[in-house]
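The first chain written gets the first letter, and so on, giving A, B and C; residue counts start at 1 in each chain.
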Amino acid sequence: MIAEAASQALSLIVSFDANVMAVVALSLQVSGLATLIGAMIALPLAAWVAQTRSRVREPIVVLLNASMGLPPVIVGLVVYLLLSRTGPMGSLGWLFTPSGMTFAQVILITPIVAALARQVLEDADQEYGDLFRSLALSRWQSLCALLYETRFSLLVLLLAGFGRAIAEVGAVMMVGGNIAGHTRVMTTAIALETSKGELALALALGLILIAIVLAINVFAHFAKLYLRRRYA
Amino acid sequence: MLEATQATATIANLESVSLVQNGVAILRDLSLSVRTGEHIALLGANGAGKTSLLRTIHGLTIATSGRVEAPVASEQAMLFQKPSLLRRSTLDNVAFALEARGHSRRGALSAARDALDRCGLYAFADRYARTLSGGEQQKLALARAMILQPKLLLADEPTASLAPRAVFEVEQLIDELCSASTTLVIATHNRGQAKRLATRIVFMSEGCIVEDTSSAEFFSNPVSQEAIEYLNVERV
Amino acid sequence: MNRRYFLSVIAAIPFAISSASLVAQDTSITVASTTSTEQSGLFGHILPLFKKASGIDVKVVALGTGQALDVGRRGDADVVFVHDQAAEEKFVADGFGVKRIAVMYNDFVLIGPSDDPAKAAGRDVVAGLKAVYNGKSAFVSRSDKSGTHAAELRYWKQASLDPASEKASWYRETGSGMGPALNTAAAMNAYILADRGTWLAFKNRQSLKVVVEGDTKLFNQYGVMLVNPAKHAHVKKDAGQKFIDWLVSVDGQAAIASYKIGGEHLFFPNAAK
C-alpha cells in the first residue's frame, strides 16, 4: 500500500496534476494567509502581554495558554455558526469560501502563536528589559526591539502555527464544505479520498502534504542559517 | 575656577531613601549626594545593596520612600554586570543606542564606527556581537553606553566575571572614557579597581551607607567595624 | 517599522481575507447535497455538463441529508438535493424550501461479508436484517441522521426490531458518512446498509459484497428543493431555479442516466414529466 501510494504521489507530482496542484495551492494560500494574519495579531498582543503590568495580564495569559488546545472542530463549529447566513457575520457571505476557512484558521492559530510568543518575549524582556529602559526606549521602540531580538524563535513559532493550520481538517471541513475546485484543501481531499475507499490515493496526497510541510521547514531552516552566518 | 564650581554642583541626590522588596528592606533610610565630575566606588559585601542603589539612581527601581534626584534618563547610562548584547552585529549594537534616540541610521552607523575605534573594537564591527569574548563584550557595552555622552555613568560590577587581563582592559577603558566631566559611580569588589578609578569610597552594609570618605582615608583608616571586617576578609 | 505603517497593515487584514476568495463569482450557486451523490462521482459527471449549458458554477457541499437540510434552513445554500422524502416534505412544509421535486432514484443494498455468516442473503431486506439480528453478526450503522440512516431505521422498524435502543454489542453506531462507514465495515467484516452509488464507487471493499438487493423497499428517491427566497433574501433564486429546471429537463435526466461505473448505472432519472 505504501509503495503504491508513494509511486502514485510521485506520478501526481511529476505529472503536475492540475486538480492536485489547485488543492495544494489553496492549502498554501489559506494556511499561509492565516499564519500571516495570525502573526500580525498574535505578535503585538504577545509583546504587549509580555511587558504589561496591567491587571488583565494574568487572565489573558491563562486564556491564551488554554486556547492553545482549542479543538479545530469546535472552532469550525463556532465559526460555522458565526458565518452562517442566520449568524451574526452572515452578511459577509464567507461560509463555504476560502475567506471563511482563513478566518477559522486565524482563530485556531492566533492563540498558539500568541501564547508561545509571549513566553519567548517575556524571557527576552528579562534579558533586555533593563537595557531598554536604561537606553530610555519608548514602549513602542522596546516592543519592536523585543520582536526583532527574538526573530529566530518567532520564526519557529510561526512555522508551528502554519504546520497546525495546514494539517488541520476539522475547521476547514466544516467552514469550507470541501467544495471541489473551490474550498477543497489537502486535508479535506485526503478525508474525501479515504471516504471513497481510495486509500492509496489518500495516502499519496498525505505524502505530498508532508513533503510540502517538510520543504517549507527545510527552507526556513536554511534561511535562518544563512541569516546567522552573516554575523558569525 | 569653572572646574571648582562644577565640582560643587550636585548631579544626583538621595534623601532618606528606603527600598522594600517582597517584605525585605533592601535600602534603609539612605542619603547620598553625588557631585558633578566625581568618581565614586561603591564597596560592600554581596547583598549590601550596591546594585539596588545604582538601579534606584538610574530609575530602574522605584524607591519605596524618600527622595531621588537624578539627571533625566537621556543624560545617564548604566553598565550592567552582564553586558546584555543584542543579537546583532557589534556595530549595530552600538548604533542601536543612537537610533533609539532618533538619529538617522547613517549617522548612527558612522558614530558607532568611531566609538568602536576608540574602544579598540573596530576590527569586530561586523561580527555577531554574541561571539565576542567576555572582555570584548563588556567593552562593547561600554562603547554603547558612552556613545550617548552621558553626564552620569553607573557601572554595576562590570568586570566581576572577567579574566584578569580583560579586567585590566575594561578598567582602563572606563578610565579613559570617563573624563573629568563625566561622573562615575561604580560598584565593585575589586579594591585595586576602586583605588585606581575612584577618589571617593561609599561603603555599604545591609542597605545602609556605613562610610563615605576619600579613597585614601578609607583604605588606610577604616572607621566602622563592618569596613574593617570587609577589608580583612578581602585580604585573606 | 513605525506605528502608522503597522496600523495600516492591521487595517488591511479584512481586505486580505476577502481577497482570498478569488474564485467567488456571481454566476455560482451553492448546493447542499449528500455524500452519496458527491462520493459516487455523479456530480463530477453532470456538473460540467450543466456549466456548459448554463455558464453557472455549482459548488457542492456534501453532507448527510440531515445536515444538508440544516444548511438549507440556515440559508447557507441556494439549493438542497437530498434523499429522505419525509424530512424533505417537512422542510418544505416548514417554509424553508419552495417545492420538492423528484429527480432520480437509486437503491440501497445490504452489504455483508462474502461468506455471509448470518445467512442474510436474499431479495428481502427485512428478512436479511432479521437474520443479522438473530446471528448477532457485526452491523455498522451510519447513525448520522442521513437519508441512508433514516432508511435503515425504517427497515428495522418493519422487522419489529430495535437494536439501537437495545444497545446490542454487535450493532456499531459510527456516526460517520457513507464512505467512512464502509471503511469501518470493511475493516470489521460487518454488515452495512449502503446506497448503491457509493458502494459501486467505493474502492476499499476487502471481502465485502452485496448480500441483499432488488427489494422494492430498497428504493431510494432523491429530491431537489430551492431554498425559500422569502426566508433568505440572498438566495440566488434564478440560478438555483435554472439548476433545478435543468436537472428535470431532458438534458439533465439524460446526463444522470449516462453516469456509469464499470458498466452499471448508478442513478435512474424519474422526474415527473
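By definition in this document, a residue touches a chain if its C-beta (ideal position, glycine included) is under 8 Å from a C-beta of that chain, and two chains touch if they have at least 3 such contacts.
Fair warning: this is a prediction, and the values are worked out from it, not measured in the lab.
The chain pair with more C-beta contacts between its two chains, of A-B and A-C, is A-C. Put simply, the chain farthest from subunit C by mean CA position is B. Distance from the subunit B centre to the subunit C centre is 77 Å, each centre being the mean of its Cα atoms. Subunit A and subunit B have centres, each the mean of its CA atoms, that are 46 Å apart. Subunit C has its Cα centroid 32 Å from the Cα centroid of subunit A.
Here subunit A touches subunit B in the complex through residues 127-128, 130-131, 133-137, 141, 145, 149, 151-152, 228, 231-232, going by the rule given at the top. Across the interface of their complex, subunit A is touched by residues 1, 3, 6, 9-10, 13, 16-18, 20-24, 30, 35, 39, 43-44, 57, 59-63, 74-76, 177-180, 182-183, 186, 201-205, 232, 234 of subunit C. Only residues 58-60, 73-74, 76-78, 80, 84, 86-89, 96-97, 100-101, 126-129, 131, 148 of subunit B touch subunit A when the two sit together in their complex.
The residues of subunit A lying in touch with subunit C in their complex are 29-30, 33, 36-37, 40-41, 44, 84-87, 90, 92-99, 102-103, 106, 140, 144, 177-183, 192, 194-199.
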